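In what follows, a structure is listed as C-alpha cells, so that the remarks can point back to it.
Every chain is named by a letter (A, B, C, D, E and F) in the order it is written, and numbering of its residues begins at 1.
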Amino acid sequence: MCLSLGWGFFLFNQVFAGDPGGANTYTESIQGLKFSVNFAWTLLSAFLVFNMQAGFTFLGAGFVQKKNTLNYLSMSFVDFCVGALVFWLIGFGLMFGGSGLAPGLSWGNRFIGYSGFLLIGDSYDVSTAALWMFQIMFAATSCTIVTGAVAERFKFHAHIIYSIFLCAVLYPVFGHWMWGKGWLELLPFGVGARDFAGSGLVHGIGGLTAFIAAWMVGPRYGKYNPDGSSNVIHGHNLLYIVIGTLTLIFGWFGFNAGSTLAVTELRVSIIAVNTLLAAASGAVTLLYLSFRITKKSDIIMTCNGALAGCVAITASGAYVPPWAAIIIGIIASLITRISLYLIETKLKIDDPVGAISVHGANGLWGLLSVGVFSDGTYGGVKGLIVGSGWQLLAQFISCTTLIAWCFSASFLFFFVLKRTFGLRVPVNAERSGIDVYEHGTGCYPGV
Amino acid sequence: MKKIEAIIRPEKFNIVRDALTELGYPGMTVTEVKGHGSQKGISEVWRGRRYRVDLLSKIKVEITVQDTDVEKIVNTIINEAQTGSIGDGKIFVFNVENVYRIRTKESGDTAV
Amino acid sequence: MCLSLGWGFFLFNQVFAGDPGGANTYTESIQGLKFSVNFAWTLLSAFLVFNMQAGFTFLGAGFVQKKNTLNYLSMSFVDFCVGALVFWLIGFGLMFGGSGLAPGLSWGNRFIGYSGFLLIGDSYDVSTAALWMFQIMFAATSCTIVTGAVAERFKFHAHIIYSIFLCAVLYPVFGHWMWGKGWLELLPFGVGARDFAGSGLVHGIGGLTAFIAAWMVGPRYGKYNPDGSSNVIHGHNLLYIVIGTLTLIFGWFGFNAGSTLAVTELRVSIIAVNTLLAAASGAVTLLYLSFRITKKSDIIMTCNGALAGCVAITASGAYVPPWAAIIIGIIASLITRISLYLIETKLKIDDPVGAISVHGANGLWGLLSVGVFSDGTYGGVKGLIVGSGWQLLAQFISCTTLIAWCFSASFLFFFVLKRTFGLRVPVNAERSGIDVYEHGTGCYPGV
Amino acid sequence: MCLSLGWGFFLFNQVFAGDPGGANTYTESIQGLKFSVNFAWTLLSAFLVFNMQAGFTFLGAGFVQKKNTLNYLSMSFVDFCVGALVFWLIGFGLMFGGSGLAPGLSWGNRFIGYSGFLLIGDSYDVSTAALWMFQIMFAATSCTIVTGAVAERFKFHAHIIYSIFLCAVLYPVFGHWMWGKGWLELLPFGVGARDFAGSGLVHGIGGLTAFIAAWMVGPRYGKYNPDGSSNVIHGHNLLYIVIGTLTLIFGWFGFNAGSTLAVTELRVSIIAVNTLLAAASGAVTLLYLSFRITKKSDIIMTCNGALAGCVAITASGAYVPPWAAIIIGIIASLITRISLYLIETKLKIDDPVGAISVHGANGLWGLLSVGVFSDGTYGGVKGLIVGSGWQLLAQFISCTTLIAWCFSASFLFFFVLKRTFGLRVPVNAERSGIDVYEHGTGCYPGV
Amino acid sequence: MKKIEAIIRPEKFNIVRDALTELGYPGMTVTEVKGHGSQKGISEVWRGRRYRVDLLSKIKVEITVQDTDVEKIVNTIINEAQTGSIGDGKIFVFNVENVYRIRTKESGDTAV
Amino acid sequence: MKKIEAIIRPEKFNIVRDALTELGYPGMTVTEVKGHGSQKGISEVWRGRRYRVDLLSKIKVEITVQDTDVEKIVNTIINEAQTGSIGDGKIFVFNVENVYRIRTKESGDTAV
C-alpha cells in the first residue's frame, strides 16, 4: 500500500482524536477535497474487492462436485461474516495499532499493534473507518482462499474456527510487520520490504495456510490410489469457473489500484494496466502451453493462468512498467503449472481448486518480483533491472519470514484443532456429499 | 406387444425420430442415459490432465408397439442411427404383458 | 439522505434554471470540483444499486421452483423497466417537487410535489438528472421486493400494473413526506423523522405492499393443508441464493453510503462499515440460531440474516456507531426469524422468498433503531442511548404513518385489481408451471 | 468521447514527456485534484466496462446449446486476453497516435497513428495509461460481440486469429478516424462526425464484422431446411440471458457516462439517465410488440430490446435530452425486431445470439440518431430537432465509411482465413458438441 | 412378480404417490423422461418465434409388485393421474423374473 | 438373454463398476433415478424448517447379459453395493427377447 511508502493520504499528524462526523476532517479546501476524492476511491475499491467474494464463490463452486457445492458456498460466505466480526474485534487493532495511519492507531511497536480495537474511542473516526473498510476485505480474501483447498472434506465448524484464528491472529500479525510500520516494512535494505497490495500478505498467507490445512486434513476419498497415483476428480460447472475468474479480475482492479488508498496517487492508472496485462499474459501462456500438452484449449488452465498473473502482480503492480507486468504474468503462470504438478503428484496434497499453486506459490513470486522488475519510477523502489540488489534482499527476507511464520503458526493451530475438534467429516458423509450432512440440503434441491 | 428399447447417439436422435414419424409409430418415451459397451470411453481434460470418461451420453428411446411392427421399427432405427463406428448403440426387445391408456382406461392392444 | 439534513450538496439557491450542459454548474474552483466529486460518488453508487437488480434476480430465482423461475426473472426485470418510465413520467415529480433539492423542483407542498416531471424545462439539468438517477434505483428496488412474495402464482401483467401504481403513486407520495421536504421530514420532534437510505421508504413500502399482495393473491397451490398446517415448497438453487445475497450486499454499499449523495460527507466510511457489520452479525446470529434448532448449518437462514441486517441498518447506518450496527443487525435477524414463523404459521400468508419478513419487518425496525441508537455524531440525530426520546417519537410516527398509508393504499389497489383484471394465473398453469404459460418457454428450455 | 470535443481533460500542451510516477501530473492544486477526480472516474468506469465481459459471457452462454456453452465462454474470455496484448502491442498506437490526447501520442496523421506502442518511452505515463485502460475495454467489447454470431460452429483458434486482426487493425484504424483526430472527427459538417461512446465504432464494427463472419462460416448444421425455411435452435438457459442483460446494462453506465473521461463534465448524469431510459423503453416496446404477435411475454425479446436501446444511445447519449433517449430506444428496438427477421429469413444468415441485429443495426442507427436528436446543449452538437441538417450529413458519411471499411476489410480477411486456416469445425464435432472437441470437456462435466 | 411402469404428468406425481402410499406399496423408482403419444407436442416461443416441442416432460414411475397387486396399483394410478385430456400417459406391465434385495441378499417374492 | 436392472446407492457406483470391469461384462447403461423402498426418506432443511424428502437419489444400472452370466453379475453387484443398512437397493431381472447391435445389424446372442 501507498501507506507503506510513508505518503499516506491520511495525514493526521495534527488531529489524532477521532472525528466520527467527518466535519473536522473535511473542510471546504483543496485538502478537504483531497480527502473526499480519496475516500471515494478507497471505499469504491473496497466495494469492488468485496465483490471478489462472489468471484471466489463462483470459482470454487465450479471446481467442486455437485454434492459438495453448497458446503463450499457456505464456507466461503460465512468465513467472510465471521472474519469481519473478528477483525473488528481484534485483528485490525493488532495489525494497524502503532502505525499512526489514522486516528486511534497510536499504540503499537514494530512487532505488534495494540490500539484501534472495536472502532471505538479515538478510532471511531471517518478515516479509521475508511482504512478498516478496505482492510477487512483483504483479510477476508485471505481467509476465503483457504476454503478452496480444503473443500469437499473439511468440517464446516472447524472451518469457522480457523477463520477466526486467521483473521484474529495469523493474518494481522504478519500484516503488522508488512503494512503496520512493522519490522519488515522498515527493513534497512532498499526501501524496506514492499508488498504493494498483498501478494505475500493476502495471497501468500491464504495459499500457505491452505497448504498446511490441505495437508493435515488429507486428500479427498478416492483422490489417490494405493500405488500413489492420483485420480482426476472433476468439478461440475465450467461456466462458474469462467464467470468467477472474470468477477475476480473485476474486483482485482479495486484490490490493486485501490491499494494506494488515494487516487491522488495518479500511478493508479498504471497499476490497473499492469493488473490487466499480467492477467492476460498469464492466461494466454497457459492456454498455449496446455494446448501443446493435451491438444485441447484448456479453459480451466487459462483461467488459472489469468489468476496467477493477478496474484503475482499484486505485490509489484505499482513499481513495474507494463512490459514487465507481462513477463511477471508469464512467469507466474508457469509457476502455477509446475506447482500444480508438484503439489498433486510429488507432495500428494489434494487441492481441489488449486489455491496453493495459484495463490501460495505466486504470492511468493510476487514478493520477489518487486525486487527484480521495479524501475524506480514510483515509491523509490528499485529492483535488479535498474541495477540494485538490495530491494531483492528485503523481498527475500520477507518471503522467508512469511513462510516461517505461516507454516509454523498454522501447523501448530491445525495440529491442535485436529486433535481436539477434528478436521474432517466422516467418510460416509464425504462419499454421499457434505451438503446434506452439514447443511441439511443439497445445492440444487430436488435434483 | 413388445417394448423396443434403443440406446442411440444423442446426435442421431433427431434423424431417428423423423424417420419413425414418417413410418407412423404410436408414441415414445425418451431418457437421457449414459453407458458404454465395446466403446470403452473417451478421454477428457480437467485442469491440464487427461482422464478417462467411460460413461458416454446416450439417448434411450422406448417404444411399445404391436408385435407385428417390431421389425419395421427396429430396422428403421438401425438404418438411421448407424454410423459404423463403435458407440452406435444397441436395441433390446422386451415382452409387454399389458398396456393401459390412463386417459381412457383402455387396456391391451388398442391402448398402445 | 443527507439532503434531508438540509445540508444538501446541490446548493442551487442562486441558480434555479436548468443547466443541461453542466458548464454553469461546474467551474474550475473548489465548488466546481466538489460538484464533480459528488456527482461521481452519486452516479457510481447509483450504478451499484442498479446491480442489486441482478442480486434480486439471483436470489429470487434460487427461492422459486424450476418451473416458475423464468416468470420470476421476467417480473423482476420488467418491473424495473416499466418503473423507470413511470418514475420519469410521474413519480419523481410527485416525490421531489417542492423539495428545492435541484433545479426544476420548486413547486410542491408538504404533502405532495408537482414539478420535475419528464426532466424537461428547468428540470432538464445535470444536478436534477443526478438526483433522478439515484432515486429511480430506489423506487425500482421497492418494486422488485414485492415480486418475491407473490412469485409462483401472480399474473405477469397484473404485476406490471401494480408496478406502475407503486412507482407512480404509492412510493412517491410517502417518499415526498420523508425525503421531499414533506411533513414527516419536518416533524417537530428530534430533527424530524429520519430514514437515512430508506429502510422504511424503500424496504418498508416494498415489504408491506408484499404483505398485502401476497395475502390477497392467496397461497400457492399445495402450500397449506386442509388442517391449516403448511408444507415446505423448496426452491431450486442455493448457489443463486448465496450469489444473490453477495450481489445485494455489494450493491447495498452504494445504497447506504451513496445516500449522502456526497462523498464530501466523510461519514460515508462509517456508513459502509456499519452496513458490513450489520450484515455480518445478522448472518452469524441466524446461522447459530438455526443450528441450535435444526442441527444443520442452514445457509438460507444465514443469507436471510445478512439481508435483514442490511435492511435495518439502512435507516440508521449514518447515525449510529459500529458497535450499535452489530446490535441492530442481531435484532434484525431475530425479528426476521420470528416474522417468518408468524407470517407462515399464524397469518398463513405464503411468501416464497421471505420478502415480508426480511424487508417489511426490518424496514420498521430500521426506522425505530434510528431513535434508539443514534449517538448524535452526525446530522444531529440523537437517540435513546444519548438520553433523548424525541427522535424515537418522530420515528414512531413515521412508522405508523408508513403502515397506515401502505396498507390502506395497497389494499384498495389490489382489491380493485383483483375484481377487475384478476391477480392469479389459472390453477392448471400454476401446477404445470407459469413459465410456459406466461412466457412460452421454461427457464431451461429442453430440460 | 469528450476528448473528441477538443475539451479533453488531459491537458498536456505543456508536458509531453511521460510521467510514469504521476508526481508531475498531480499537484496539490485545483488542477491536480481535477486530474485525480477524472482518473478515478475514468478508471472506475473502465472497471465497469470490463465487467461487461461477464455480462456477455452470461448472455451468450444462455443463447447457445448446452453442448457448445464452454466453447462460447472460452472464445469470449480468450479474445479479451489476446485482444489486450495486441492492443498494447499495436492497436492503441495506430488508434491514438497523433491524437495528442496524452503524452507519447504525438505522431500520426489523419488516417493512421504511429506512436504510443507498448506504453514505453513517452507513453509510459499515467495519463496515457488511464486512456489505454479505458480504450482496451472498448476494443475488447467490439471483439466479443462477434463471438456470439459465429458461436456453435467456429473454430476456436480461427476465432483467436480474427480477434488479433480486429484489435490490431480493423478497430484501431476506424477508431483513429473517429476518436484519434482522424478525418471523420474533423469533417467540416456540423462539429464533425460524432460517436460519443462508440455505437458505430464499438458496436457497429462488432456487429458488421459479425455479419461477415457469420455469413462466411455459414449457418449451423440443421438451421435451414432444404426448402430455405429456418428452424429454431433454442438456447439452454434464460436465467443467464436475463442476468447477462442486467450485467451489461450495469457496465453500460460506465461505458457511456465514463466516455467523457471526466466527471468534471457534469453532463455525465444526463448521459446515465439517457442510457437507462433508452434501455427501459427498448425493453418495454419489444415486450408488448412480441406479446401482440405470440401472445406470450417473451423475455428474450425484452432483453434484446433493452440492449438495442443501450447500443443506439451509445452514440447520442451525451447530446440528446431524456425524452429523445426514449424515442431512440423505441426505434432501436423496432429496428432490432425487423433486422432479426430479415437476417434470419431473407439473408439466411445464422446469428445465434442476435449480435448483428442488436449491435450492428443499432450501431448505425445510433450514429444517425446523433444527427437527428441532438439539441445543442452539449458539445455544440445540433441535430434536426434544432433545425440543422449538417450534423446528420456528417453522421451519414461516418455510417457509410463504417460500412465500407468494415465490410471490405473483414470480407478480405475472412476470405483469406477460410481458404487457409479454415473457419469451421468438422460437422461431426458440431453435431456432438464443440466443447469436447475443442476444449476436452463439456461445460457441465459429468452431465 | 410384475413391474408396473407408468408414464404420468409431472404435476400429477404427488397425488399419485400419496394415493399409493395409502394403499401400501413396496417401493418405487422414479425417472424424469420425455415423450409423446397421441399428444403430439405443444408450441413454445424462442426469441419471438413459435416452434414445436414434440417431447414433453413426463415422470416415469416403476413399481415392482406381487402379481396379485398389479390390478390394485394400476387402478389407483389411473384414477389419480387421469385428467381426461390427451397427454395423461400410459402404463406398461412387464414380467420380472427375479428380484434381489441388496441389503439382505434375499431373492424372489420376499425381496420385493 | 437377461436384463439385470440394479438400483444402487450413488456413492457405491464406482466400486460396483470397477468390480464388474474385472469380471468382464458386455456393457452397461446408467440412469440417475430417485426412489424409495423400505427406506422411507430422510429429512432435509429449507429455510429453518425440516421437511421429509421421500425420494432419494439412486443409480440405475442396466446390463444385458447371456443367461449364464446372470448369477455371477448379480452376486458381484450385491457384494460390492451392500452396506447392510436400509437403502442399499434392489436388483430386478427381466427376460430380453432380442438384442440388436446397431453398428453391425447383428442380432441375438452375439449382439450383446
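Just so we're on the same page, a contact is a pair of C-beta atoms (placed from the backbone, for glycine too) under 8 Å apart; a residue touches a chain by one contact, two chains touch by 3 or more.
This structure is a prediction, so every number in the text was calculated from the model and none was measured.
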{"item": "Neighbouring chains common to chain B and chain D, by label", "value": "A, E"}
{"item": "More contacts between chains, D-E or C-E", "value": "D-E"}
{"item": "Separation of chain C from chain F, taking each centre as the mean of its C-alpha atoms, in whole Å", "value": "52"}
{"item": "Chain A-chain C separation of Cα centroids, rounded to whole Å", "value": "33"}
{"item": "Chain centre separation in whole Å, for chain F relative to chain E (CA means)", "value": "18"}
{"item": "Of all residues in chain E, the ones touching two or more other chains", "value": "31, 44-46, 50, 94-95"}
{"item": "Chain D: positions in contact with at least two other chains", "value": "30, 33, 37, 40, 44, 234-235, 294, 296, 298, 439-441, 445"}
{"item": "Chain contact topology (line, ring, star, complete or other)", "value": "other"}
{"item": "Interchain contacts, given as pairs of chains that touch", "value": "A-B, A-C, A-D, A-F, B-D, B-E, B-F, C-D, C-E, C-F, D-E, E-F"}
{"item": "Residue ranges of chain F touching chain E (in the complex, touch as defined)", "value": "2, 6-8, 31-38, 54-55, 58, 60, 74, 77-78, 81-95"}
{"item": "Complex interface listing, chain D residues touching chain C", "value": "30, 33-34, 37-38, 40-41, 44, 48, 65-66, 234-239, 242-243, 245-247, 249-250, 253-254, 257, 263-270, 272-273, 276-277, 279-281, 283-284, 287, 294, 296-299, 302-303, 306, 321-323, 326, 375, 377-378"}
{"item": "Residues of chain F that touch chain C when the two form their complex", "value": "44-51"}
{"item": "Touching residues on chain C, where the partner in the complex is chain F", "value": "231-232, 234-235, 290, 293-294, 296, 298, 300-301, 304, 337, 340, 354"}
{"item": "Residues of chain C defined as touching chain D within the complex", "value": "20-22, 25-26, 28-30, 32-33, 35-37, 39-40, 42-44, 46-47, 50-51, 53-54, 57-58, 61, 69-70, 73-74, 77-78, 80-82, 84-85, 88, 118-120, 124, 126-127, 129-130, 132-133, 136, 156-157, 240, 438-447"}
